[in-house]
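Across the two complexes that follow, chain A remains constant while its partner is chain B and subsequently chain C.
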Partner chain A sequence: MSANVRSTRAADFDVQRCRADFPALQRHVHGKPLVYFDNANTAQKPLAVIEAVDGYYRRHNANVSRAVHTLGSEATALYEATRDKLRSFINAPSRDEVIFTRGATESINLVAYSWALPRLQSGDEILLTQMEHHANIVPWQLVCERTGAKIKVVPISQEGELLLDQLDALLTPRVKLLCLTHVSNVLGTVNPIARICAMARARGIPVLVDGSQAAPHLRIDVQALGCDFYAITGHKMFGPTGTGMLWAKRAILDAMPPFMGGGEMIKQVSFEKTVFNDLPYKFEAGTPNIAGVIGLGAAIDYINALGIETIRAIESDLLVYATQQLNTIPGMRIFGTAPGKAAVISFLIEGVHAHDLATILDTDGVAVRSGHHCAHPLMQFFGVAATARASLAFYNTREEVDVFITALLRARAMLL
Partner chain B sequence: MSVANLYQQIVLDHHRTPRHHGVLAQATHNADGHNPLCGDHMHIELCIADDVLRDIAFNGEACAITTATASMMSERVIGLRREQIETLLASFDASLRATPDANAAVDLGELEALSELRRYPARLKCALLPWATLLAAWDIRISITTETAESPLP
Partner chain C sequence: MSTLEQPAENSAEFAQDTIIEEFGYFGDWTERYQYLIDLGRKLPTFPEALKIEQHKLHGCQSQVWIVPSGTAARLEFQAISDSSIVSGLIALVLRVYSARPAAEIIATEPRFIDAIGLSSHLSLTRTNGLAAMLKAIKDYARSALAQSAA
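Then we have the complex of A and B:
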């Protein structure tokens, strides 16, 4: 049923016209047309984003929220417009709850230092999952070192799905925070966040969701998900690097001390006392990445114009095709086979190391990631040091998948 | 640029059938080397006597470049003193750079095949891991207890 709807919507999509929006996709690498399959690492940027950054520096360059002159007002309006776009993008109740950060890593660290550090103590637990990115592990280890709290880990199945009965059992009164990814950067698994948040909420446990890999692929509705914190990075959703967002409920943010001190985050400063600014500025010390944030606004416009459902449909089609084709290669092992997964395929070919594969693919113009994908614990779970990963975006094509498969067969023949 | 120049026959031969792969019966030194960028791991065991490397073995999980380097390196270093190995490494390292040292005195032999890596800067560390692990092993004497039958202690 939904397949028909999807194919109709995807059929309306003109991929070549879309690709023309992305200058980097026109490149050749080693004399071959670039096949960019490293989107989960960072996505390419459409002209609209590049021009928004360029336009800010060319026409509007001024600091935000400080200058009364015309350029200052323009810069502030453009910058704050992205906050409204992000609010709408994640369906947050209020723009004041949308905090700009340098990325999901900073968003998570903000929660670790401002929310967790003052609250946690010895005997408390932070619940993570086996499939977390290092950015959602290391900040919590630092909190545990300083508070005496402990980390517990929700296990996963061989298919790459969270074991929800075990998650349920681990949600004890000792757990003060559950932190998990919305979409796995290695497995592509889309975790059932709404259901998990309901389980945690029933026990009064707040939930932080790392949405880095979800934002480019899924509709995000923080109110429907029922989470307490949601972190996003801009560069994986076609925006500039060094941009990101933390969303949290107002009551939680109000109760948190500032993360960093400086300009912008204050109302009044004397050497005796500082009165902190209102939300969201309380958490935005110093001059931010203004150009980047304006570019991120353009990226959100681009995604919205395309439609996140259309994106999902195109990527699902590519994922099915790429998976079918990969499975024709002898010795192929795909990591992560959860139903409804995002278009992220980690794999190994028996006897071929991921790095050798990636080097040979590169000479055919095919860009994939190889390594541990900042997820050592997940690699250990599967008993491998590294995998290769092809991560697809709406601007990729079946023809590119064919080039990728041919390159893989060439690499396999060369190395085995 | 052809990647076949990097994965040429001699490199693939050492990758497919690495020499000195395994463990030593009488290791005096060992070390583990990690490439945290990719998760690769190499374990090297040495037998050193009178300041001369008498034998070497390696194992672990690594890419073709690392494995081939370890294999070729192992064939070259037996019988050498530490300073001779360091000289060999300096020449090898220079061969991997964009502007190799034309005055490098040492004939690299088969290791010369890896000089193609100068076109792949992201893979340089793959070729340097075995050397770094070898030198680390030289500095770290294996812990030996009097309880094992193989103990060289009197």
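Then we have the complex of A and C:
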């Protein structure tokens, strides 16, 4: 499908077919059909994912990489297949560089404790941006507290775009790592990661990218982006909760000590000395979330079958339509208007509290998030305590946007 | 805040019974929320000057300010939220707990919250906020009693 999928009937048909794959979308809430617009928080799961998790427990349940029996081999093959799918999904050079984690938060903490902590010294800087999620702020504060390093912040414009000239000025020799999100969970801004990585690379500064919000919406190519670390979480890309990935270049991973000790991450253990396992197992201590990882593999298959470009086109169409409709509501203020943004719309209606809005919308079956979206510094930048956020996925429809707008008008009338 | 205003009901328990009875008349949650929003609007004006950190209640998703006054014999509370629905919840809580003796405040369990279905309908974060507000009110009552005994 091409980029003009938005105007074709075929796209509508595809969306309806996709919706049938998601059992939770068939639900009613307060007697109304569920309109699920909280996808940036967590996405719904297709039947293929649910069945992959179920199938593992029903047929293949065994521990991975430890048993020579049939179930052990099957479980290991299914589990390791997800590593290959992830490698291909982000175009990593090697499957050994794909480390399974519980999610992007653990991925970032792994880098903070294993890579940054031994390297940071007093006077060093970690460069973040104004639009980071707390998961890409707090781990850095923790290692800074222990090392005397400092956090510096790249500012953004009122439209929600990084100020690249200021970023350039902040990339001083003191900066040991630049950490930024690929797509803002509040503003939807898609940051120019390749360009930013080139700026950092010219000064020898490594870059960590939080891809939590990018993975469900964009084609990711870590080699083309030129980053050094890339973190994603499974549950936002239609996979199970408690799954995720850290990718990093092999030389970097080789130089990093293990984060956690335990089974599976060792080659040989005596009480005097332990020889650690090779990549990626060095970072995967203990029995992992096998069922979840297998489910994540099914989620990647689902995304690939649909095509990430198709997903992007459908979501762009929905975003344009929803934004147009929202702007007809009196007192509407939308946060984040960067060109090419992802289908995330943070907004407020003048005089109405975001929580009240979300509470009333729920009585109409419409699920949106309200609050600070784990981004206090960004809320402070815009001078608000909270926003409401509608985040769309390819399985959402224009008809759902209409229900949402009608519900918003009703809530506004009640609350003003 | 010696408003000398008498509470609508002459005891906390009677106030709870009245609230439970009132909520029994509503058909659906839209009506209940509309009622809460209206109650919130009728709260006495909360002076902007009192919206300071010292009076801010933590544990709420929305912002809540609460100011006690009076003595153990009769404790009054002024409170408000930036959320209309939470202001409505505050109005219910104050109807039960404000302008009461400290001993009565401490002895009163907020059974109306379960009885009108609020605890199952509000998200956990809001239930936590409500719990934080009730704890603050009882803490004020306990310290007022301790002061009167001293």
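Some points to look at:
Keep this in mind: the second predicted complex is superposed on the first by the 403 of 416 C-alpha atoms of A that agree within 3 Å, B and C clash if a C-alpha of one lies under 4 Å from a C-alpha of the other, contacts with A are read in each partner's own complex, and residues count from 1 in each chain.
In this section, a contact is a pair of C-beta atoms (placed from the backbone, for glycine too) under 8 Å apart; a residue touches a chain by one contact, two chains touch by 3 or more.
Quick caveat, the model's predicted, so the values are computed rather than measured.
Steric overlap between chain B and chain C is present once the structures are superposed on chain A.
Of the two partners chain B and chain C, it is B that touches the larger number of chain A residues.
In the superposition on chain A, contact of A:379 is made with chain B only, not with chain C.
Contacts of A:59 after superposition: neither chain B nor chain C is touched. Look at A:195: by the touch rule set out above, it reaches neither chain B nor chain C. In the superposition on chain A, the residues of chain A contacting both chain B and chain C are 30, 353, 355-356, 359-360, 363, 371, 385-386, 414-415. Across the complex, chain A meets chain C through its residues 30, 352-353, 355-356, 359-360, 363, 371, 385-386, 414-415.
Across the complex, chain B is touched by residues 30, 353-356, 359-360, 363, 370-372, 376, 379, 385-386, 414-415 of chain A.
Within the complex, the chain B residues that touch chain A are 1-4, 6-7, 12, 15, 37-41, 61-65, 120, 122-123, 126. If you check the complex, the residues on chain C that touch chain A are 28-30, 33-34, 37, 61-63, 82-86, 126.
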